[in-house]
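Each of the next two complexes has chain A plus one more chain, namely chain B in the first and chain C in the second.
== the complex of A and B ==
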C-alpha cells in the first residue's frame, strides 16, 4: 500500500524537473544577465542606463500609456456586455457568451489582418492614425479576454442582493456602485491581468498597423534580432519585476476580497 | 438598464467583433485585391492557398506543431497534476507557484528567456525544433495542469482504493479509476494547449528554426510587404479558420444541450 502512494506521488517528478529546467532556470539566467556586467560581476549599470535614458524611458511610458488605455477601453466595453449577458436581458442564453468568446480561438494575427483591411478602407491610409489604430486593434484582440472573467464573476453574483438593494430604496446607480462593482472586483482584477501585460508587450499589433514607436516588447524583439542577449535580458528583467509587482498587488486585492467575504 | 439599450450594446459589440472577419471572408471569394473594390466571384484564393508549397508547409507545420505540443503538454500536465495532488502540501505549493509563472508572464519574456537558455547558453541548434517544442510546452503545460487539477479535487478518491482492495495493480487502478474521472479536464487541457500553440507568435519567433513558419509568424512577415496573391490567399485561410471555429462552437453547444436534456 505504501508503495502505491509513493508511485502516484512520483508522477509529479517529470513536471517538476520540466518546470525547474525550462521555466525557472531561464528566468534565473535572464536575471543573471540583467544584473551583471560583461564579466559576471554584480552591477546595476544596465538598469541605470535604462532608467536614465530618455529614449528607453519614453518607451516604458509609451507602453504604459498603450496598456492603460487599452485596459480601460476594454473594461468600459466588456463590463456592460458581461453584465447584460450574466444578469440582463440575455441571462438565460448561455450560448450568447460563446459568441463573444469565439474570436479568442481564431489566430490573432489573422484577426488583426481583417481589422486592418477594414480600417485602411475607412481611413484611407493606416499611417495617418498610428496611435488610434493601435488602440483599436489591441482592444479588438483582447476584448474576449476581458469579457470572460467579468462574466464568470458577475454570473456568480446573487441576484437577491440586487433586489434587496432596490427594496431598501437604492437607485440603480447606487446599487451598481455599492453592490455590483465591489462584488465583481475579482473578475475585474483577473480581466485587467489578462489584458494589461499583453498590451504592454504585444508589439506585433503595432508592427501590423505601421506604428513605428517602440513598446517594451519591441525592445526585446530588436535586441533579439541584433543577438544582443544582455540588453534583451535587461528588458526582460524589468518586465519580470513589473509583472512581479503587478501580481503581488493584484494578489493582495483578491486576497482582501476573500477575507472580506468570509 | 432599458432593454433597448441592452440589445444595442450587445449588437454594437458583436458588430465590432465580427464585421472585419465576415467582410474579409466575403472578399476571399472574389478576385478583388482590396476591400471595397468589388469584382467577380472567384475561388482563386482557395486554389492558391492549397497549391502554393510555402503556404501548405506553413499550415501543415502549424497543425503538426500544435498537436505535438498539445500531446506532450497534456501528458506532462496531467501527470504533474496527479502527482502533486497526492504529494505533500509543500511540494504542491511549490509546483503551483512555478506553474503560475508562465501563466502570468508575458509571452515575449517566456520566449526570450527559453531562447537565451537553450540556444545561447546550451547551444542547442534551433533547426532541431527542440527549443521550439520545449518553449511552447512551457507555455501550454501550466494550462493543462490547471484544467486537470479541479477534476482531481472533485473526484471520488475511494474508487481508487476500492480498485486496489479488489486486487487491481496500481497502474490498472490508475487507468480504470482515476483517469476516467478526470477525463473531461484532460480533454479541455488538450484543447487549450492546441489553441494556445495555434495562437502563439512570440514564443515561436524566438525559438523556431529559421526556415520554419507557423501561421502567426508567416502572417506577420507577410504584412511586411508580401505579394498580393499571398495576401488574399491568407484571407481565404481566415475564412476557413473562422468556419472551423464556428462549427466547433455550434457542435459544442448542441452536445451540451443534448446532455442537459438527457439529464
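== the complex of A and C ==
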C-alpha cells in the first residue's frame, strides 16, 4: 500500500474534524449563548437569574440528591457483586459478569419500560412513589457502569496482599477495611464518575416514571423547547463546570492512589 | 511428644481436585528454634506445605500440631505464625512504617508500644530512617527487608519464608542468605524456609527436607544430605554427582561403570545398586594407575576448579580438579572406597499388580495391569498348563480358574522407550522426574491414572514433557500371586 500521500499523521484528520464539529464548536456555542442576552450583548444576567431563582436552585439540589442517592445505592450493590465476580472461585465468572452487563445490549427506553411494567404490577399505581421509582430505574440503568470499573480494579488486586493481611492477624472485615477498600479507590472513583454525572441529567427516566419534578436535564429541555437558548445554555455551562470540578477532584484522589500503587 | 518439638505434621495429605494428591502422607517434626528448609524442584509440593502451615490451605486429611495443639483448621489470622511472601506482598497504599506496624495495629497495641517495636524491627533489618518512604521507591532488597521486618515485628513462634530470595540478584541473594542466618540466630525464632536452590539450602539450614513429587525424599542436616543421599533423586538434586547402575560383586565390592570398585557399604552379593560419586572425589592419575581409564573430552575453567569430563568406554565421569587436563589426554581415574556411596536399587520400580480378565484359545490370556490391557500367551503365567478345547488345564488335567487371578507384572527400565508421538506408546504420561546415570537418563513417567513408569533413555527430555512409553510385550515378566481364596 502506498502511503506517500497519506502519511501516518494524516490519519488524525477524521478525528480532528469530528472533535472540532461535535465537541469544540458546540462548547463555544453553549458558552456564547450562556454569556450573552437575547440581543447578543455580553451579560451575566443569565447566571444571576439561575442562582437567584428558588425554582432553578431547587432543581439543582433535587438533581444532586437524585444523583447522590443513585450513586450510593449503585456502589453498595456493585461493590459486593464486583468483588465476588473478581475474587470468587467461580469457574464461569465471565458468564456471571455477562449477566450483569447484558442489559446494556437492550435499548435503554425499552429496559425502563419493562421495569415500569413490573413496578406498576408491584405498586398498583406508579404515581404513588415517583421518587422511589426514579431511583430504582436509575440504579437499574446505571449499575453496569459501576460494576465494570470496580470489577477491573478488584480483579487486579493481588490476592497475596489479602493473604498477607490475614497472616498479620487481620480478620476478613479488617482486611476489607484496611486493604481491599483503599486499594480499590481508583475503581470506586471511575465508577462514581460514570454514574454520578449522567444521573444528574437523565430526565428521560423521570419522564417515564411520571416524576413531574424537574432535574437539571429537564430544565435545559424546557428552556430549549421554548427557544430560550440563553437560559438553557447557562445551565449547560453550570453543569459543565460542576462536572469539571468533580472530575478534577476525583482525578486527583485516583491519581494519588495510582502513584502509591505503582 | 518430645519436649522441644514445636511443630508436628502428621499424615498430611492434600488434594485440590479430589483425584490427584499434591502431598501424600507427609510426616515431619520441627524443633523449636530450628532453621528448616524445604528443598525440591518446582511443583514438588514444598510451597503447599508452607501454605498449610500458614493457614492459607487446609490439609485434605492429617493434622498440624503447634505446641501440641491441632492448628490445621485454624484461619491464618489466629495462628502465631507469620510469613514472608515470595513477592513480598507489601501493602502499596501504606508507607514503610504503616506496613511494618500493620500486624501490631491489628492486635490493637498502644501507639507508643507499636512505635517502639517498629523501630526495633527496622533496626534489625537495618532500614531505620525509611519510615515515611513509599513502598514503590524501595529497591527489591529493601522491600525484602521490610517484608521480613513486617513479619518478625509480631514476634511469631514460627517465621515462614516462601522463596524470599528468588527475586534478588546473585550478590544481593548471597548477602541476604547470611543476614537471614544471623537474624535467625539473633531472634531465636523457628524459621521454615522454602527454596528450589540447593546451594541456598545447604548454606542456611540446620535441617533440610528434600521433597519431590509431594513426598519427603530425605530429612537431614546439610552434611547428611550431601554425603549420604538416601536415594538417587537426592544424590542428583543436591550438588553434582556421577551416578551409575551396578551390582554388588563381593564383600564391600561393587561393579559399575565397567570396572570393579572397593567400597565401604555392605550389601548382599548380586544385589542391584546405584553408585554415587561426587565430582570432587575422583582423582585423575596416570593411565592404568586407577580403576578406570579414559579420555578427557572437555575441561572448563570455573574460577576455583576445572570441570573435566572423562569418557571411560560408554560411561562419562564428571570430575572437579585443580589442574587442567587438555582435551584428548588419556588418563586414569581413581576413587577411594569411602568416596563411593552405594544406594540399594529400588525394586518396586515398574512393578504392577494385575488381574487376569479372561482366557480365549485364539488370543490367549487377556490381562490388565497398570494402564495396560493386552493378550498374552498363557504359558507366560501358567508354564505347565495345556489348552484343551479352550479350557486351561494343569498337569493333573483339572481346569484352572484363571479369571480374576492376581499377578505381578514387571519390566526393566532399559526395555522401555520414550516417544514424542503418543500413538507409538503403549501408555502415555508426563515426565515427573529425571536424572542422569553415567551413560543414560532415568525418567519417571506418570500416567493419568497416577501409575509411575521408569524408563531409561539416552536422549534428554524435560520434566513436564508429555510422552508415549513403548513397552515391548516380550519385555514384561509375569508372576502369579499366591491365591488367597
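Heads up, the rule we're going with is that the second predicted complex is superposed on the first by the 248 of 262 C-alpha atoms of A that agree within 3 Å, B and C clash if a C-alpha of one lies under 4 Å from a C-alpha of the other, contacts with A are read in each partner's own complex, and residues count from 1 in each chain.
In the analysis below, contacts are C-beta pairs under 8 Å (C-beta built on N, C-alpha and C of every residue); 3 or more make two chains touch, one makes a residue touch a chain.
In this text, all values refer to a predicted model and were calculated from it rather than measured experimentally.
J.: Thinking of the overlay built on chain A, is A:166 touched by chain B (first), by chain C (second), by both, or by neither?
T.: A:166 contacts chain C only, not chain B.
J.: What is the contact status of A:142 with respect to chain B (first) and chain C (second): first, second, both, or neither?
T.: A:142 contacts neither chain B nor chain C.
J.: Let me test your reading of the model: by the given contact rule, A:214 touches which partner, first (chain B), second (chain C), both or neither?
T.: neither
J.: More residues of chain A are touched by which partner: chain B or chain C?
T.: B
J.: Applying the touch criterion given at the start, work out whether A:19 contacts chain B, chain C, both or neither, answering first, second, both or neither.
T.: first
J.: Just checking: does A:151 make contact with chain B only, chain C only, both, or neither of them? Give me first, second, both or neither.
T.: The answer is neither, since A:151 touches no partner chain.
J.: How about chain B: which of its residues touch chain A in the complex?
T.: Per the stated touch rule, the residues are 1, 3, 6-7, 9-10, 13-14, 16-21, 23-24, 27, 34-36, 76-77, 79-80, 82-84, 86-87, 91, 94-95, 98-102, 104-110, 112-118, 120-121, 134-135, 137-138, 141, 145, 164, 170, 173-174, 195, 198-199, 201-202, 205-206, 215-216, 219-220, 223-224, 234-235, 237-238, 241-242, 245-246, 248-249, 252-253.
J.: Residue numbers of chain C touching chain A in their complex, please.
T.: Interface residues on the chain C side: 54-56, 75-77, 81-83, 85-87, 89-93, 102-103, 106-107, 134, 136, 150-151, 154.
J.: State the interface residues of chain A toward chain C in the complex, per the touch definition above.
T.: It is residues 158, 160-161, 163-171, 174, 178-179, 182-183, 257, 259-262 of chain A that touch chain C.
J.: Over in the complex, which chain A residues touch chain B? Could you list them?
T.: Counting only chain A, the residues touching chain B are 1, 3-5, 7-16, 18-20, 22-27, 29-30, 33, 77, 80-81, 84-85, 88-90, 95-96, 98-100, 102-111, 113-118, 120-121, 140, 143-144, 172, 193, 197-198, 200-204, 207-208, 216-217, 220-221, 224, 229, 232-233, 236, 239-240, 243, 247.
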